[in-house]
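Step one of this worksheet: look at the structure below.
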Amino acid sequence: MTTVFTLPEASTHAARVDGIFAILVVVSALTLALVFGLLVTFAIRYRRGSNAKRGRLPEIVNREFEVSWTAATGFLFVFLFWWAASADVGALTAPTNALEVHVLAKQWMWKTQHSNGAREIDELHVPLGQPVRLVMTSQDVIHSFFVPAFRIKQDVLPGRNTETWFKATKLGVFPLLCAEYCGTDHSAMRGRITVMGEDDYARWLSRQPEGDDLAHLGAKLFVSQGCSGCHAASSSVHAPKLNGLYGRTVQLSDGRQLKADDAYLRDSILQPKRDIVAGFEPLMPSFAGLLDDGEVQSLTAYIRSLGQEQDHE
Amino acid sequence: MSDVVLAGELPFPPRPDYLRAGSTLASWLTTTDHKRIAILYALTITVFFFMGGAAITAVRLELFVPNGWFLSSDTYNRLFSFHGIIMVWFFLVPSIPNTFGNFLMPLMIGAPDVAFPRLNLFSWYLTLVGGVFAVYTLIAGGVDTGWTFYTPFSTMFSNTHVLTAAAAVFVVGFASIATGVNFIATTHMLRAPGMTWFRLPLFVWSIYATSIVMVLSTPVLAISLMLVVAERWLGLPIFDPARGGDPILFQHLFWFYSHPAVYIMVLPAMGVVSEIIPCFARRRLFGYDFMVYAIIAIAGIGFFVWGHHMFVSGQSPYASLIFSFLSFVIAVPSAIKVFNWTASLYRGQISFNSPMLYALGFVGLFTTGGLSGLFLASIPVDVHVTDTYFVVAHFHYIMVGGSVSAFFGALHFWWPKITGKMYPESWAQFAAITMYFGFNMTFLPQFFAGYLGMPRRYHTYPAEFQVYNVMSSAGAAVLAAAYLLPLMYLTWSLLHGKRAPNNPWGATGLEWTTTSPPPPNNFDIQPLVDRGPYQYHAERESAGTDAPEVQNARSLR
Amino acid sequence: MTGNRSHPSSSSALWVKNGVIWVALLALLLLSMFLAYIPMGPITVASGVIVAVIKSSLVVVFFMELIQARALVRLAAVSGLIFLAAMFLLTFADVLTRTGKI
Amino acid sequence: MTDATALLREPWERFERQQRAGKFGIWIFLASETLFFGALMLTYAVCRVEHPDAFAAAGRATNIWFGTINTAILLTSSLTIAVASQAAAQSERSRTLVLTCLGLTAALGFAFIVVKGFEYKEDIDKHLVPGAGFALSEAAAQLFYGLYWLVTGVHAIHLTIGIVLVVRLIVLGATRRIRLRENPEIEVTALYWHLVDIVWIFLYPLIYLPGRAS
């Protein structure tokens, strides 16, 4: 049982967080040294009965003195805020070429799914040096995807997608933990992130059981659930066509405009009456309760692939 | 020190003080005397303090080994939830305002009682009813949602006694609103003639600010718990994700109360320390008006920073930036207070009685807790350390290192005034020092475990964190022992303690001008105030600590 | 006399003084109902709330006599609203700028 | 000086100070009630911003006539208790006026509860209770009705407390066990009643007016 004393910096973000952490440690150490130092020296020097000099406070220690170091403290804190905020704002959105992984959290396990359909439980294999974007949702309560080595943590909410991203910079296996209390086995809901070399990852990926990738799975669902009846390109029913839909801005019946992203597709499947496309009747039945989150993610991937085929021709 | 005989007045014939003004149980249970109600509260919160302590002792024992040894995960979850709920709402929130605030605030402003005495007794009974709900919840099997009651776990997935736990907190919430209303009205309406706002002792200021925070934030807690109960018990969907409910909305409502709540817990402690340090350093408090503005600033800005609990909850990054900035801003008043306490020691005549040890301990531990708060206010670091033991260490440094130390400091500082008996000084100093080191041994390792990635509320944890947990559990044993010591020697002092004079510490303040313990209506003659608080003059004193001129009290009638 | 609450002496004057406010309140009620049926998009939604604010101000100022109350009481009345406004502002700072809507 | 010393109570020496403290105390409590109902309004506002169409559809399903009549009733009750409170503050004989106004207020309050009862019955018949057989198709409409039942229920409880307080004043006043003239309790009860009325003034546009225009 090796006790851990230092945490590996295994992602680009980790280095930046540790930088800010170090500054804050230095500032705190100085302040603590100042406060403890003053406390101890005053306690010893001005203990009752000592023959140190008493009397009125020296003139300089007056109102301006207090105002000035209050302002100094204020500026220091605002500077610290700016320094921390700038690092945070920079790391907000994942780079566009990020590898997308769908994470599904359910009471007390992690299900990860690569874009080519490879599925893992409490495991995630990622390539070194390539940004990975995690699109996460929960099937029951709030969980939290926490990888200490990458310094990332993001709550996973039911009924909604939350995202985070990282770019691994060290090979190895790093613990994955659930950080938001989620019931009995909250402390058992742990996993491992394995960072592999570029080619090892490709070999590992190809060896995965040839489960359909998300898009093919989505295609099957598109037919079996009856979506093709109205939305297929060949169908005569007056319903919005989905080819090339992904990424386009959609004109809605009440005048609003929405970008057809993951969240829009997901809402249209689960709550069709929410955003009705201009020129169409709200006839589509809701699939909430009929499709679980994994199937919704596959359908979304399939609809996205419709858009991409158009770009290739 | 001889009793201070008021200029030219014969000592009044001995009358029964408030303790002996009636000895039947009924006289205690139907009293409207703020001093007796303070004693009732003191007993109530002591019982809850040791109940909460027992729960966490079991947890600390369980965490000696990575995979636990005598608790199931469910029991573990109920124990830490019970510890949280009891310590927050049944000990820390009422601890200083309802006991020392109730007892001392009327005395310090020269009033015979609080503005609404019957409302004061009613809020104690509300706390009792809340306590009954809490004890029922414990006996019936406990609640496992943590003290935060996050949805949708609390509404849809927990099969424990969430309803009675929420009812307990709901009822005790209204007790603190009633106390808040009472104290605000008292501070405004019942100050002695001459006691202007800037002659108020800082303890009264801190209780006044705490009351405002209590009155304005607790209703939102009542609503958030009512919504959980409505959804769980009446089936009215409000946070149900399947029907479009927003779990983050619950967190907004909950933290809108729960961050001001931590200022409800620490502001009175700051008031206590601002009374103790000048008295034992024999010096006027440095920068009195800055300390007042700092208290008001903390109470005010305290309402705008709650979002720093939700940086990783899915809250929008822009809101997180706003909350992060406001959280850095609120650190400034706390820094002012720490520097002013330290500066108050300069050129003083410092004596190290146990209240002073607790107060100095408070300044040190509160500074550490406050600085670790800076880490949590900066978003990138908070993303890494939130929901880990780093956060647990942060808020324990402020609540246990700060508020509980100040509570024990106040307990020793005003013990002679409340009970009329002196406590054994050497025992008290030993307990204070043990508590200081026991506390640090318990919570310092948690900072490291937290940064290295050990999440909070974990029954079983990765093996590499064992050494930190063993150190913390060992420290907890020392801390528990340190908490039992005062129980023993203070009970001893009640029975065999030396008779306390009116002003054993030579302190200024109206509460020291009346007898110890005070008569039922506090003052034989209405005090008149013509100068500010803390009239200590270190330079005129040689080695002794004879009492400086107290507020001269002249007959008004 | 008791506090600074000067009142018209006779009871009929009382009814007239308060009756005027009461009529105004009922008129505003009907106005808000009427405005709700006019399709003006967000203005319709806002009209309901604005009329409610006017009605409640009338009740607070005249029926609850805040206009004659001491400054301290007015401060107490306003303090609740200040922190309520802060709660709304900061909560909506999150809700309105949150991507990945529900 | 008025001989109100009968109403004087611990720890006050002068009646006028006690009266001021009572008024100041109730206003602080009303500030906390503002946040109490304000938090409920915030919950409604956030849910409505996140589900505008569902809330519009749900708003249309409410019966606006019940809402308008009830609002009118409560506004009238505010008038009567205002007159009662102002009459009580006068020095000369106004006891009958105070008692009649308090009676009117209690009656109007009771009328509101009765009308509310009919509305609840109609809502149940129209299956507007969130759960299995919910009438509207939008899922988020159930959020609206979850809040509707809760908010109107909490308001009804507060109104019932108000009615009890007013009836208490009537009974004690009529049997001369307490002095109605310059009794601070009347003003305190009136202020509390006005708050319950103001809460309903805000609930009316939130419950009954959404979605009327489309």
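Which chain is which? They are A, B, C and D, in the order written, and residues in each are numbered from 1.
Going forward, contacts are C-beta pairs under 8 Å (C-beta built on N, C-alpha and C of every residue); 3 or more make two chains touch, one makes a residue touch a chain.
Bear in mind the structure is a predicted one, so any value in this text is a computation, not a measurement.
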{"item": "Chain closest to the middle [Cα centroid of all protein chains]", "value": "B"}
{"item": "Interface with more contacting C-beta pairs, comparing A-D to B-C", "value": "B-C"}
{"item": "Separation of mean Cα positions, chain C and chain A [Å, integer]", "value": "43"}
{"item": "Inter-chain centre distance, chain B versus chain C - centres from mean C-alpha coordinates, in Å", "value": "37"}
{"item": "Between chain C and chain D, centroid-to-centroid distance (C-alpha), Å", "value": "14"}
{"item": "Chain B residues counted as touching two or more neighbouring chains", "value": "188, 216-217, 220, 241-242, 244-246, 248-249, 252, 256, 314, 317"}
{"item": "Chain A: positions in contact with at least two other chains", "value": "159-160, 162, 271, 288"}
{"item": "Residues within chain D bordering two or more other chains", "value": "20, 24, 28, 31-33, 35, 38-39, 42, 46, 50-51, 54, 139-140"}
{"item": "Interfacial residue positions of chain A with respect to chain B in the complex", "value": "1-7, 13, 16-17, 20-21, 24, 27-28, 31-32, 35-36, 38-39, 42-43, 46-49, 52-57, 61, 66, 69-70, 73-74, 77-78, 80-81, 83-85, 87-89, 91-92, 107, 140-142, 144, 146, 148-149, 151-155, 157-160, 162, 175, 177-188, 190, 271, 288-289"}
{"item": "Residues of chain C that touch chain B when the two form their complex", "value": "72, 79-80, 83, 86-87, 90-91, 93-95, 97-100, 102"}
{"item": "Interfacial residue positions of chain B with respect to chain D in the complex", "value": "32, 111-117, 119, 177, 180-182, 184-185, 188-190, 215-220, 222-224, 226-227, 230-231, 234-238, 240, 242-246, 249, 252-253, 256, 521"}
{"item": "Of chain A, residues touching chain D in the complex", "value": "254, 271, 273-274, 286, 288"}
{"item": "For the chain D and chain C complex, residues of the former touching the latter", "value": "2, 4, 15-16, 19-20, 23-24, 27-28, 30-35, 38-39, 42, 45-46, 49-50, 64, 68, 71-72, 75-76, 78-79, 81-83, 86-87, 89-92, 94, 97, 182, 190-191, 194, 197-198, 201-202, 204-206, 208-210, 212-214"}
